[in-house]
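Two complexes, one shared chain (subunit A), two partners (subunit B, subunit C).
Our next item is the complex of A and B:
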């Protein structure tokens, strides 16, 4: 086991396109780090560079204390779990798991012992003599894990290992992999585009976008204190409501102007403590982010935090909660960052269209009682102490 | 199976009728209850095509069991009305005939001596080449591959004079080695092309997985690529074996048959020359030489099923 250090890693393809820019990331010994980002953000490329399957164009990569830039995958002593599992179809489960050891000329009895040990952990004992095609998806996934475990490598690298499983199995395997990693204490890098995997499995999450590392933090920190608009928009489901607004200072208090001046919300000190730079601005355009759960009934917030006269566009009753979609006249942020954060071109086009009309639809999450009628006007309480504030130009948090 | 599967219960008769596939779709796609998945139309066409292709072979077989007089005087189909004219004498006779210094048995063995290495050599070399063309990065890979494929269109006749010159210089003109190398060379472009298409379509992640597991290119090739490519290797082996077994021209030019003996094709050709058109013997000899290709085909055809990679990827 070892730590993995990426120091200013670059990836440039022969045709000149750059996939990874200045990636610096440290994965501690035994740590579980998730690489997450929209499709095409370079997360898999980064992982493959650690594995040695992709050449490193610049920077230094360390596994343990060794620089591994020019080492083959074999010499790096890492195990990889692929999205398709990549099992050897003509070998039995036991041979699949023991293949790497066999190549390393490990004793036959030792191979048997380690395969047995891994299959005990994974519950594969009855299947050791089967071929992969006689296994279910979940079992194949386990064999792929087993293949990694038997080697006791320096690190596990996992490239979207759960994306081929159905939803129910995914939940189960998610917990199993996290528990297994915890138990074995092997340094692990895990690539996914699934937010839930990112939030629930790892010690830390690295968010990538367009080949650049946007933020590395614990899942909760990432959710509570996004460094920039991209992370704010990408992490969380339903995603954070983001709109442009103005910071105004009146009588020593800070207000946010929304709906082109129609709405004024008070910003309490808690929010200013988290975004101190916002207090220095007056009359400046900023990007305001409000998570759907940070709304509430108007009587639960201070009078200055009530957003009045919102038109209800859609109500979704989800049993445990209720999502209310309401109209605001504050324009959305339409940048490439936001397109990447939404990771859905159709949805982004829709937001772009809304932007032309000068407003957009926000989503609020409420307790599922007294659903409002569609097209009615309601007042909504905004827990502005949880507000997020970003520079409208460069998207950085105003800290 | 004697019992019919009970049809799924339908609420009304109309509903049951609607679920019944139309006659046309049944004819082409087949009855859903039938596992073979083909309709009577498709099956009928296949039957007709098979019959058409079999007629000459059956004719050959029948002729080989007829007396010389019968063969020379009437068509083979008339034999069914005169069972008396059947004989096995032709086979006994043809096995004892010596043509160009060889018996049929010797010619038969010579054919095997030619065809087996002439199949194994190009397959081995082409499999290595196909792996390199698919999974090894080197400069000029695509260009080299295109050059190889272009060689497919070169007729082998244009190469005879240079090859004979070269072989004379090297001192292998007329030897088995020369013939093997010539067959290997002429078979190689198709072999590389076929095998690269197959090996290149093996799942990339499986090969990468082997690399991460510590396999060198050679290990990957031997432990992974070869076992996974058995269907393609078998397919090409059948082609190449049949081609070299049935080859007449290359053997005639590059093999010193006077010294090393005839191969079965030159033997059969020589037989006509020696005895005139003795169809009854020719058909018996020809039928004996068919046996080997048939055996090869039937023993390898099960590898044709390209199901071997199932289960390596996806859930």
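Our next item is the complex of A and C:
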């Protein structure tokens, strides 16, 4: 096992398009790091460069203490799990798992022992003689894992290994892979576009967008302290509500002006401690982020934190919670960053349309009692101590 | 020349238009009658003629050939008398039968295998070219497929040509060897090489066919499995033989058996080059020679031998093809 270090890695394709810009990332020995990002963000390319399947255009890549830039995949001693599983269709499960060892001229009895060991762990014993064709999706996924395990490699690389499974199985395998990695302690890089996988599985999560690393942190840190608007918008479901507003200072207190002056919300010191730069920006436009769970009944917040007269557009009852979609006259941020963060062109077009009208729809998560009527006006408490503030221009957190 | 060309054009136009009018008319008639009758009869209107053609030109002659094999080649009192197994005895004791059988066997072993190997090599190499270049290269290799066997043999006659000394060698091969001081070789008569010289023509023609199918199969091998093998530590050779080849095995077998059946019936190339001289005789040309001489009895026996040889390969091919279809 070894640590993986990417030092200022670049990827430029022969046609001149650059897929990865200045990627620096360290994966510690035994650590489980997730690369996450919208489709086309370069996360798979980054992983394939670690594997040696993709040439590195610039920078240095280390596995252990060795620079591996010019080493073939074979010499890097890593194992990879592919999205399609990439099982050899003509080989039995046992042969699939033992193929790498056979190529390495490992003793036959030793191969058998290690395949047996892996199949014990994965519960594949009854299937060892079957061909991949005769296995279910989940079993194939396990074989792909087994193929990685038997080798005891320096590192596991996984490229969206769960995306071909149905939702239920995905949840199960998610837990299994995380537990397995924990147990084996093998350095692991895991690529996914599914932020739930990212949040639940890894020790740390690296968020990529358009070939650039936006933030690396533990899942909770990523959620609580996003470095920029992209991470804020991308992590979390339903997404963070983000709108433009103004910072105002009055009588030594800081307020946020929303709805084009119609609403003023008080910002307590807790929020300003986290975003100190905001306090200096009297009268400036900023991007304000509020997570759906940071709303509440008006009586639970200070009087200055009540957002009055909101028009209810839609109420979704989800059993354990209730999502209330309400109207604000504060404009959304319409940038390519946000398009990537939403990762859904249709939804982005919808937001763009709303932006033209000068406002947008926010989503608040409440306890599921007393659902408000659609088209009624309600007052909503905003726990502004938890809000997030970003520079409206460059999208960086105001810290 | 002019009239031949004209006849050809007329035949093509008349044939195509004729068939079209024929089916159109039959279809119109059934539609006019309409009702349940139309539903029942319509399929037969379209494949009935095909069945008729196959029956008249394939099944009937086949059984007539079997019948003929039991009757004498010579006329007695105006007709061919029944001779039992006499023709079989004569054919099976004729040394040329065994030469033909031996040659066919040689063709079967060498030609399909070589065509597949050449096709495979070209397919693999072409796969590494840019798409534009790949298409050009593959089209060139495929080109011989479009030539008739007779045409191909004529082209190769220019390659194999030998001139009596001291004339200059005009055949490509002998001229080339002459540059290294090698004596000219009579490619059609030299017993060591003549069979292979003829086989080369067939390989040249069939490699393109093999290449097209194998190339498609290679492109169908998932890139992921190749990359997985690369990560598993396989060399490019190991990837080819242990990952790619097994995944295209069923296509290889189909190509092999298809060419094999073609080779079993090999006739034209031998006919127009050596006509069986120099121990190059093959079964198809052998029985054709019998038919030319009006020896329908012995000719029939040889045909039956050929059919018996073809049968198992046909069965393998159909079975393989079904397996492949089932995999899809």
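Some observations on this one:
Note that the second predicted complex is superposed on the first by the 399 of 399 C-alpha atoms of A that agree within 3 Å, B and C clash if a C-alpha of one lies under 4 Å from a C-alpha of the other, contacts with A are read in each partner's own complex, and residues count from 1 in each chain.
Following the convention adopted for this analysis, a residue touches a chain if its C-beta (ideal position, glycine included) is under 8 Å from a C-beta of that chain, and two chains touch if they have at least 3 such contacts.
Computed from a predicted model, the values in this text were never measured in an experiment.
The superposed arrangement places subunit B and subunit C in clashing positions on subunit A. Contact with neither subunit B nor subunit C is seen for A:12 once the two complexes are overlaid on the shared chain.
With both structures placed on the common chain, the touch criterion links A:79 to subunit B and to subunit C.
Residue contacts after overlaying the shared chain place A:88 against subunit B and subunit C alike.
Look at A:100: by the touch rule set out above, it reaches both subunit B and subunit C.
In the superposed model, A:184 makes contact with neither subunit B nor subunit C.
Note on subunit A: of its two partners subunit C and subunit B, the one contacting more of its residues is B. Shared-chain residue A:51: touches subunit B and subunit C both.
Residue contacts after overlaying the shared chain place A:284 against neither subunit B nor subunit C.
Subunit A uses residues 51-53, 72-74, 78-80, 82-90, 99-100, 103-104, 147, 151 to touch subunit B in one structure and subunit C in the other. Residues of subunit B that touch subunit A in their complex: 203, 205-206, 208-216, 219, 223-224, 227-228, 308-315. Within the complex formed with subunit C, the subunit A residues making contact are 51-53, 72-74, 78-80, 82-91, 99-100, 103-104, 147, 151.
Those residues of subunit C that touch subunit A in the complex are listed here as 222, 224-225, 227-235, 238, 242-243, 246-247, 249. Subunit A makes touch with subunit B in their complex at residues 51-53, 72-74, 78-80, 82-90, 99-100, 103-104, 131-138, 140-141, 147, 151, 164-166.
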